[in-house]
Amino acid sequence: MILSLSGKEVAAQLEQQFPGSIIASSENNFLVKSESLLDIAEYLKSSPELDLDYLNHITAVDYYDYFEVVYQLTSIKHNHSLVLKTRCYGRDNPLVPSVVSLWQGADFQEREIYDLMGISFDGHPNLKRIFLWEGFQGYPLRKDYL
Amino acid sequence: MIASPSLNLEHYWQTLPPDWPGGFWWHWLVLTVIIIASVLTLVMGYIWIERRGMARMQARLGPNRVGPFGLLQPVADAIKVLIKEDIVPANADKIVHWLAPVIAFAPALMIFAVIPFQSGTAGRLADLNIGILYVVAIGSVSTVGVFMAGWGSNNKYSLLGAMRNVAAVVSYEIPLVLAIIGVVLIAGSLSLNQIVLAQDIPFILLQPLGFLLFFIAGCAEINRSPFDLMEADSELVAGFHTEYSGMKFALFYLAEYAEALAISAIITTLFLGGWRGPLLPPWLWFVLKVIIVFSVMVWTRTTLPRVRIDQLMALAWKFLLPLALINLLITALEVLAWPEALPWVMIPVNIAIMVVLVLLWSRFFKLGWGRVEV
Amino acid sequence: MAIKTEPFVINIGPVHPSTHGVFRMRATLDGEVIVDLEPVFGYLHRGIEKLAEERTYTGVIPLTDRLDYIASMSNNLAYVLAVEKLAGIAVPERAEYLRVIMAELQRIAAYLVAIGAFLNECGAFFTPFLYMFREREKIIDLFEMVSGQRLLYNYMRVGGVSQDIPEEFLPALGEFLKQMPRFIDEYDRLLKQNEILLARAKGIGILTKEKAVNCSVSGPVLRASGVKWDIRKADPYSIYDRFEFEIPTGEVGDCYDRYRVRIEEMRQSLRIIEQAMEQIPSGAVKSEVPHLIRPPVGEAYAHIEAPKGELGFYLVSDNSIAPYRCHIRAPSLMNLTALREMVIGWKIQDAIIIFGSIDITVGEVDR
Amino acid sequence: MEVDEQAGLYVYSDTELDRAEGAAIESLKAHCQQAIPDPDKWLEEELRRNILLTSVDFMLNWARRSSLWPAICFPACCAFELIAANASRFDLSRFGMEILRASPRQADLMITAGTLTWKMAPQVKRIYDQMAEPKWVIAMGACGISGGIFASSYNVVPGYSRIIPVDVYVPGCPPRPEALIYGIRMLHHKISQRHTIEG
């Protein structure tokens, strides 16, 4: 079985490294500030005991007030996984740092989120619409899309 | 459209059989009609054989609804294609686009002018004393047509396909001609009729390596699988004739099979003893042998995957060319030793030489797993 | 003297014989060599994730069929596992076994298509493809017995499967298991003993271990690169911990390895089906589940080892009858991440077979 | 957009090409909101024709229906039923249809197997336009007829008849190969009613 790492434990561990960047944590996941996402992700990937080298998926959920971006990470070596979340506010130009530099697998998924949810990823090498065409009005996966 | 026969009319008059109705022009007219009709019929037969044979090899039935056993399928295809709209792409080079199918098709038909399909003078349109040279020269012309099609269509896939074709034909022409020279050495003549007459033992037995080389190079020359890179379905859409429709496409389609027919006819003439054979009438022997050769081509087409363009080149230059040269050398030595006619003892010897050489070369030469720099 | 050349941009697709549907690659060529390639998606983007938000939990199952349409059973399974995880629904034993049998049969069927298409792209003129389809028809017959459909089965339900198997199913399955190994050997010989195929496939399109993991590649493509990662073993969902099977891996990560891994996995799937057939208990095939499922507020991610790779469903519930958010982790899309690096520097013919060896379904890429 | 002085050609960047594609899709979407009716009027036509023309017609129609070469246009799920119909068990090659032309110029029949999205619509229309006359279209599957299960989506064209005229509709999701073969037989029937020569 893939061991689901407890968000609380990992958050406690990270709190020393990155004070103030963790907003909340629960058994399944933990929520970080979007500004410090890249640093934390880098730590999660490179730290030997976590070694979360495999990015299962990225997705975004629209909660009207904010967008939640969810990262599911797995370590193939230790066979454990972790869910990392971040939030971004505002409906005009929500912005989250891109993790393509860490996990190349994020490339198409970030473009997909940009295309369908309208969240921009800062630092993405080729951020343009992936499924819909240039000039498509609106972002279909948002809850207020008509 | 048909090559003018030998200019030496005086001589020609004399070679005609005494009971031949009319003279030279009658001979020309009747045989031209016979050749065009039989080539077109045979090409349709080929298409039928290929579609049915291929279907059987692929665990299917193949066309069987149109006419008995689907025999009328090629006829229906031909009528349909001929009455279909003819599209010229907007930015195409109109003249080149229009001329290309003609130039590709005509040579395939012209080759049959010198191929003897029957004993005696009535069995061929012209008995050129340099028949095989004529075949090789004319055979290369259709490449020009293919390249014109690729260029004139203003389509990238067409251009890629055409360029592959030119590269392949230029490379494979050399082993092809070298393989022919072996036959010419033994027969002692360039005339196709003389070559047939010289085959008391079919040359496939005396020249097994030459036959192998000729068959491979011939398949590559006419874009049969596994060398069908020019119209590679899964890569280049339809290759050089991507932009062709209607009658022009029909000409390309016909040319493809007419070339296959021509190559099988040449193989039959050079290596399988042409029209010679017991019991049955000579022309029937000829047709039978041609169909057998073509069936082998169908077989390879259904079984073998396609090689890559650099592997195609490597096969020509590293495998076929050296072997063709060695074959030529050995044949020359044999002919030097027995200037009259090669004895039948040479059959097992030559076959053994072929086996050894091919095995040896496949040791030296690998198609190359992975990246091959050319 | 160097001849002045200039790059040549060619659009492969969206309608092209070898793009497995409507996929487009914008390739820049230098002669025959690819210097740049950009995959273009979206020609089959039907908005399944959006449509799922307006349907009930059960109503989403037919949509999942149409994701990877040559492996519908696997898609059903991944989705119902996610809903069961979200709502905490138990599944009867017999249904679990049926699910495993169907998922493994589906894997064989999907690999047959993958291998056939790969060989077809090598230029084998439909022959291997048609032979693979002959065997695939047998599997489809089995599926038709249980679900009445030939392609999009819609067989699994939340809390079990839609109906029990008819009594002639297990004998037919046994017959199939008896015949299939011989055919798999035949396909194996196709590549192992053909010089042209070896030359076309060996050493082509190498994907290294590190690159594969970094690019989130999964399934046979990941295993061919030498990573022993199979969710059936790593995170045994359903009842996969009860069966014995191996995880075949490749060494180099080239097209040949990807083909070998698929062949080997078909054999392992047969092993799993055999064991499941022996152990299958009798009993109910569906637990008592309300027609309109209202899972508690929360989220769940369930993933399975689908024929293409890790297929996951991320569901968010707001205690209504429809999912608040349904995200699909599509293996085909992720596996394409590495495509650009894999094909650059190769000939256009290689690019086609590298693409074929990754084996995508556009329905899943674009969703 | 840059201008290549030497060749006198316009060089577009990828972004510009993407925008152009987007504009084409939008304009097609704006123009194709109504279904195109079946263009053939043969049903109402009176059969007042002489024997010669009829037999010429018969011959041409026989040829056309006996060698329908399908174009490759396989967007989605139904493609697999189409391939299955081509494979050993159902074997469309019996009707002379095994020659799948990858080039639309040489094809007669477009079997639209699968969902059509607005992004794909311009390409399908272009393929249809590239096919040489006479040409026919079979809309295969629920998606091809009306958008099917995806009809309410933001990117799905509700049926191929919005962008190209369709001759035969084969319902099903996906239709079984038998249904497709039945549809092809219906098309054969339709072709044999055609008058090429106006008498």
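Each chain carries a letter (A, B, C and D) given by its place in the written order, and its residues are counted from 1.
To be clear about the criterion, contacts are C-beta pairs under 8 Å (C-beta built on N, C-alpha and C of every residue); 3 or more make two chains touch, one makes a residue touch a chain.
Everything numeric here is computed off the predicted structure, so don't read it as measured data.
Between the contact lists of chain B and chain C, the overlap consists of D. Distance from chain A peaks, on a Cα-centroid basis, for B.
Looking at A-D and B-D side by side, the one with more C-beta contacts is B-D.
Distance between chain A and chain B, defined via averaged C-alpha coordinates, is recorded as 63 Å. Centre-to-centre, using mean CA coordinates, chain A is 43 Å away from chain D. Work out the mean CA point of chain B and of chain D, and you get 37 Å between them. Between chain C and chain D, the centres computed from C-alpha atoms are 29 Å apart.
Touching of two or more other chains is recorded for residues 16-17, 42, 45, 47, 50, 130, 134 of chain C. Listed for chain A are residues 129, 131-133, 140, 145, each touching two or more other chains. Multi-chain contact residues of chain D (touching two or more other chains): 87-88, 102, 119, 154-155. Touching pairs of chains, sorted by label, consist of A-C, A-D, B-C, B-D, C-D. Residue ranges on chain C touching chain A, taken from their complex, read 41-42, 45, 47, 49-50, 211, 213-217, 227, 229, 234-236, 301, 303, 310, 312, 314, 316, 324-325, 327, 329, 333-334, 336-338, 366-367. Across the interface of their complex, chain B is touched by residues 59-60, 62-64, 66-67, 87-88, 91, 93-96, 98, 101-103, 105-106, 108, 130, 132-134, 196 of chain D.
The part of chain D that touches chain C in the complex is made up of residues 14, 72-77, 79-81, 83-84, 87-89, 100, 102, 114-115, 117, 119-120, 123-124, 127, 149-150, 152-156, 173-174, 176-177. Per the touch definition, chain A reaches chain C in the complex via residues 1-2, 53-57, 59, 61-62, 70, 72, 76, 79, 83, 103-109, 112, 116, 129-133, 140-141, 145.
If you check the complex, the residues on chain A that touch chain D are 128-129, 131-136, 140, 145.
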